[in-house]
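Chain nomenclature is as follows: A, B, C and D, assigned in order of appearance, with residue numbering initiated at 1 for each chain independently.
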Amino acid sequence: MRIGVLTSGGDCPGLNAVIRSVVHRAVTEHGDTVIGIEDGFLGLVEGRARPLGLDAVTGILTRGGTILGSARVARERMRDAVGRAGELASALGIDALITIGGEGTLTAARLFSEAGLPVVAVPKTIDNDIDATDVTFGHDTAVWVATEAIDRLKTTAESHQRVMVLELMGRHTGWITLHAGMAGGAHGILIPERPFDVEAVCCMVEERFSRGKKFAIVAVAEGAQPAPGTMRFQHGGTDAFGHQTFGGIGPRLAGEIAQWLNKESKPVILGHVQRGGTPTAQDRVLATRFGWHAVEAVHAGAFGHMTALRGTTIRLAPIAEAVAHLKTVPESRWTEAEAVL
Amino acid sequence: MRIGVLTSGGDCPGLNAVIRSVVHRAVTEHGDTVIGIEDGFLGLVEGRARPLGLDAVTGILTRGGTILGSARVARERMRDAVGRAGELASALGIDALITIGGEGTLTAARLFSEAGLPVVAVPKTIDNDIDATDVTFGHDTAVWVATEAIDRLKTTAESHQRVMVLELMGRHTGWITLHAGMAGGAHGILIPERPFDVEAVCCMVEERFSRGKKFAIVAVAEGAQPAPGTMRFQHGGTDAFGHQTFGGIGPRLAGEIAQWLNKESKPVILGHVQRGGTPTAQDRVLATRFGWHAVEAVHAGAFGHMTALRGTTIRLAPIAEAVAHLKTVPESRWTEAEAVL
Amino acid sequence: MRIGVLTSGGDCPGLNAVIRSVVHRAVTEHGDTVIGIEDGFLGLVEGRARPLGLDAVTGILTRGGTILGSARVARERMRDAVGRAGELASALGIDALITIGGEGTLTAARLFSEAGLPVVAVPKTIDNDIDATDVTFGHDTAVWVATEAIDRLKTTAESHQRVMVLELMGRHTGWITLHAGMAGGAHGILIPERPFDVEAVCCMVEERFSRGKKFAIVAVAEGAQPAPGTMRFQHGGTDAFGHQTFGGIGPRLAGEIAQWLNKESKPVILGHVQRGGTPTAQDRVLATRFGWHAVEAVHAGAFGHMTALRGTTIRLAPIAEAVAHLKTVPESRWTEAEAVL
Amino acid sequence: MRIGVLTSGGDCPGLNAVIRSVVHRAVTEHGDTVIGIEDGFLGLVEGRARPLGLDAVTGILTRGGTILGSARVARERMRDAVGRAGELASALGIDALITIGGEGTLTAARLFSEAGLPVVAVPKTIDNDIDATDVTFGHDTAVWVATEAIDRLKTTAESHQRVMVLELMGRHTGWITLHAGMAGGAHGILIPERPFDVEAVCCMVEERFSRGKKFAIVAVAEGAQPAPGTMRFQHGGTDAFGHQTFGGIGPRLAGEIAQWLNKESKPVILGHVQRGGTPTAQDRVLATRFGWHAVEAVHAGAFGHMTALRGTTIRLAPIAEAVAHLKTVPESRWTEAEAVL
């Protein structure tokens, strides 16, 4: 068979490990030809692709990013592309497509699949917000990077009596913040699932200082929201020229704490450091297993499905299910985390 | 309640994280008193213990080892101790015991439980050989340490045309070697579950060199065995004084390859580096969750049970089940790994 | 002798390693008593101190922060304290004092020394801005943390065609940014010593994209300044309530690039992550050597001096010299860095 | 100009960083053509080389190993090659050669230089045994890898009352062991420069246990020798087939301690893990600076010289000086280390 593979959406450690695994399994076991499509669906639309042999994937297992690239496609253009799915496939001479991407990619994969381009999807998200799989590659690496930052912040906060506010990724879900906060031993964990009261955060800090623990680490997801009316001061906003000034929830919360308690309070923004670099061992193994099973799914004709981890086993799940709703942090997980705050 | 806690058996990153979590949950939520028993069952027998408050567990989340220590107890003495289980418990004034340890500890926990000392167990093994849980803390850290070693060995092996043989922990199961081998991209993965033919390993190396890939990394579990009669040379053995000379399967296999193919072949033995140091984020989170659930299990009276991870949820499993048999690497997992060798 | 030791000023990885080394050398070799003064000069003024024996420094070698703490003292109060130097010393019963700190601390050390409290100083700065020593502990760790961030940013920037602006510490000197930029292979290195032209930065980025290298990493020191009039847009500033809105040079420059070139451009602010956590091996060794030599200097009566690294040797330098002027990045070092941009 | 560059001798983190820097400086500043010679002097002899442009060195800064490879050449063949130096140079069409390598390479470089092939050398050794430079790239990385191992061993040794013997690289000098031992806080540091008394090591361990510190870490250089007659037991030796059985000083010393004190004593052998993988920031910076200065030296006609670090400055030193004698650990450095054992 001729199998196309593409990566789409934001970066995620482990993409290259999936590509490598797909090529190894397809070429070695099935004698397939693997076609690497460049810049995600854009390459599919523009017919930009190259064959991927074993040599092309040598040494990429440990590298972050994706050797195939990724780019955005305007909605209009995507709709049009779906309409010409079969045509695009034959233009590249591929019998099936493996897409590696997050929610948006899964939705597109499903549309193409229904439009007659046989697709198997590999789910990708550092946010751990895809419900149909226990977890996917990339999340563990993001959590590890964030945890190492908390480890470093703790010693300096403690010996210098500071409050540190670490803003982490997670617009709609708090998994990275929850896991890194637990792993790093943060004193405050603020996630989108639970609007927080700024005063409560300040009280927690105050109370720690009064107990003689003269420092605090607060991990806050970029999407966490203060409960309406609990933010006393205005931060950021637009400047005189109408340009949005920088300042996410991290800096704003640090500002609140500083002004409220009159204590030194510093923001840290890891940003894309959480998305880049070499994947953890766990992410490399999971990505490799997903690639293997994606190829098998193609040969089994299980199109419209995606690979998923359930316990220790890789299963196939209908893409439709996967995109049905976002996996958010449930009350039970929050209760576990709360105990060690 | 007064809850005793002890750590027993070999070292495992995450032990302190469990202890910390047990103390936090028991003290903060239930107002329990936690008694830290020193040096595992030895402290139980000798009545050596100290109360553990929140301050006692501050800052231990990220530290390897165990603040409670661990030591061996002669079988005789253990049998006797089990007989006096109730007596030992009242001597320490504990109503229940949380044991953190591997197979041996689980067996002991079960005996004490049956002998009238209420025990809840937290499973511990870097080897991932406990069947009743998807995985336990410590394994991910061991795999990460081994993977980082492979990452470093690869560049040097490649540029200097060497064969590197990395001996990893795992007497009876190959999980660390399987996962680190997959994550590091080893070219040979040798595990106890599958006796290996030395000639086949040499042929793999030879074949790589003939393909122009002038290096090879072989990950071998300490318990991996060459198929009878496939080891051509004798290595190690006992010296003139009858003392066992050093030389596990790693050095022996490196010697075989060197002599068989007349190529530079170097052994590396990570040994206890795999058991020590700060746990990965994943291990810290899992250990923390296990501690939380162990305390809840005590208050629920679920004695004779152990905490277990199933998918993303923590369940309780009867200890009896847990120790029924060893979790070895199944054929299906091997097939996945084989594809990228 | 009774030797007092204190840490003062901002955090710096290696402070604990110096303290440990001072105690080991003083106690083991000279039979001295070491008095740990709490919260820097504040503890000296308030007479807060505790004896430090070998046990007190066990296990601190690898830990960031300082077990003695550090705090600010109002100028007034410092001046007054200097006047009572001898009195404060006898209050604590110390014959000599070892201060571990940066420029401010060195100046204070000199004043106390002249006022009759015998002081030997150990220089401390992550910024590498003390002229009398080749380098001091903490800098290597800060550079390593920043370099690891660049390593991670590179893969994600490359595969997703982004511009990343990493804001690093360094108000007055660019050493951290220079070294991390060279080590990470940044495409732009902006330091306080060289006002930069925003347009030039944008052109560099543009030019890279036109060459097909569709990404760029810019490392900018917090104290780097755009040449007057080269910043086209206003960012940050004060909000409606007159509160300073967050937004250092990093976010502002990222905003400039984004608006100027209409390309995705993301800021990352490592902040105090650069000051915390376990020191690198190099920093631990240097800190240990400094502690050893500080104790020898006390016994040699070399007061008013500080330890300094010259080549591979530790020398003593008059504190006066050390604080004479700031060590900035010289033209020669810049030229070396420029070649690989 | 047409400048040849080759890497020779054992692996060393930073080789690629030098190559990259040479290409950048030569091409960008001087418009030179850089010819990469494959497999060290073997490629020179066999005329195997390829042009290296900027693209050829993209992304290699962070990678261990060498993209040019390295191989051994028989002494005979080298002598013959030196005789045909000019001829080999013109065969490759190079006007000058930059060699990156250790002692052997420096000697060869000198011979070629004297034989009419203009050579500038860049010193390379993880062992830090080249006298003409304060340090060279690779050493810091080796020390860091070894230090991380000690960090991990410490927690497990402590909580499980074990003695750990870590065998590190260094046949003739103890720099890696000295620095890693100091940085990791080892309790015993054994180096080739100082034959050790096995009984003294055992006493140190015994004494620690008697003080209640129930563990010990011993860092031993592979070239460290027990004082004659102080090793009581025989270990290793040759097996029945006359093959040398594995067992360096690490395992042998661990065996001695185990039998002498009847305590669990485990050897760890990091081996080539110390030579591989990504360089530390410090090594990347130094390697980059060396490459820059090597190119300048070529254009200045400073042949027969090598780059050297003196304090914070790169100087040129006559190769002859550099290879005059080995840089060993001096008494003064030992005394500093001894204080914290």
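Methods note: contacts are C-beta pairs under 8 Å (C-beta built on N, C-alpha and C of every residue); 3 or more make two chains touch, one makes a residue touch a chain.
Computed from a predicted model, the values in this text were never measured in an experiment.
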item: Chain pair with more C-beta contacts, A-B versus A-C; value: A-C
item: Proportion of interface numbers common to subunit C and subunit D (over half same, under half different); value: same
item: Taking each chain's C-alpha mean as its centre, the one farthest from subunit D; value: A
item: Centroid distance [mean C-alpha coordinates] between subunit C and subunit B, Å; value: 40
item: Separation of mean Cα positions, subunit B and subunit A [Å, integer]; value: 30
item: Centroid spacing, where centroids are CA-atom means, of subunit A and subunit C in whole angstrom; value: 33
item: Multi-chain contact sites of subunit B, meaning residues that touch two or more partners; value: 151
item: Chain-chain contacts as defined at top; value: A-B, A-C, B-D, C-D
item: Subunit B residues within the subunit D interface of the complex; value: 7, 10-11, 15, 63-67, 69-71, 145, 148-149, 151-162, 164, 233-237, 239-241, 243, 245-247, 251-252, 254-255, 259, 266-273, 275-277
item: Touching residues (chain side subunit A, partner subunit B) in the complex; value: 20-21, 24-25, 28-29, 61-62, 134-135, 140, 143-144, 146-147, 151, 179-180, 182-185, 278, 280-282, 284-285, 288-289, 292-293, 310-312, 336, 339-340
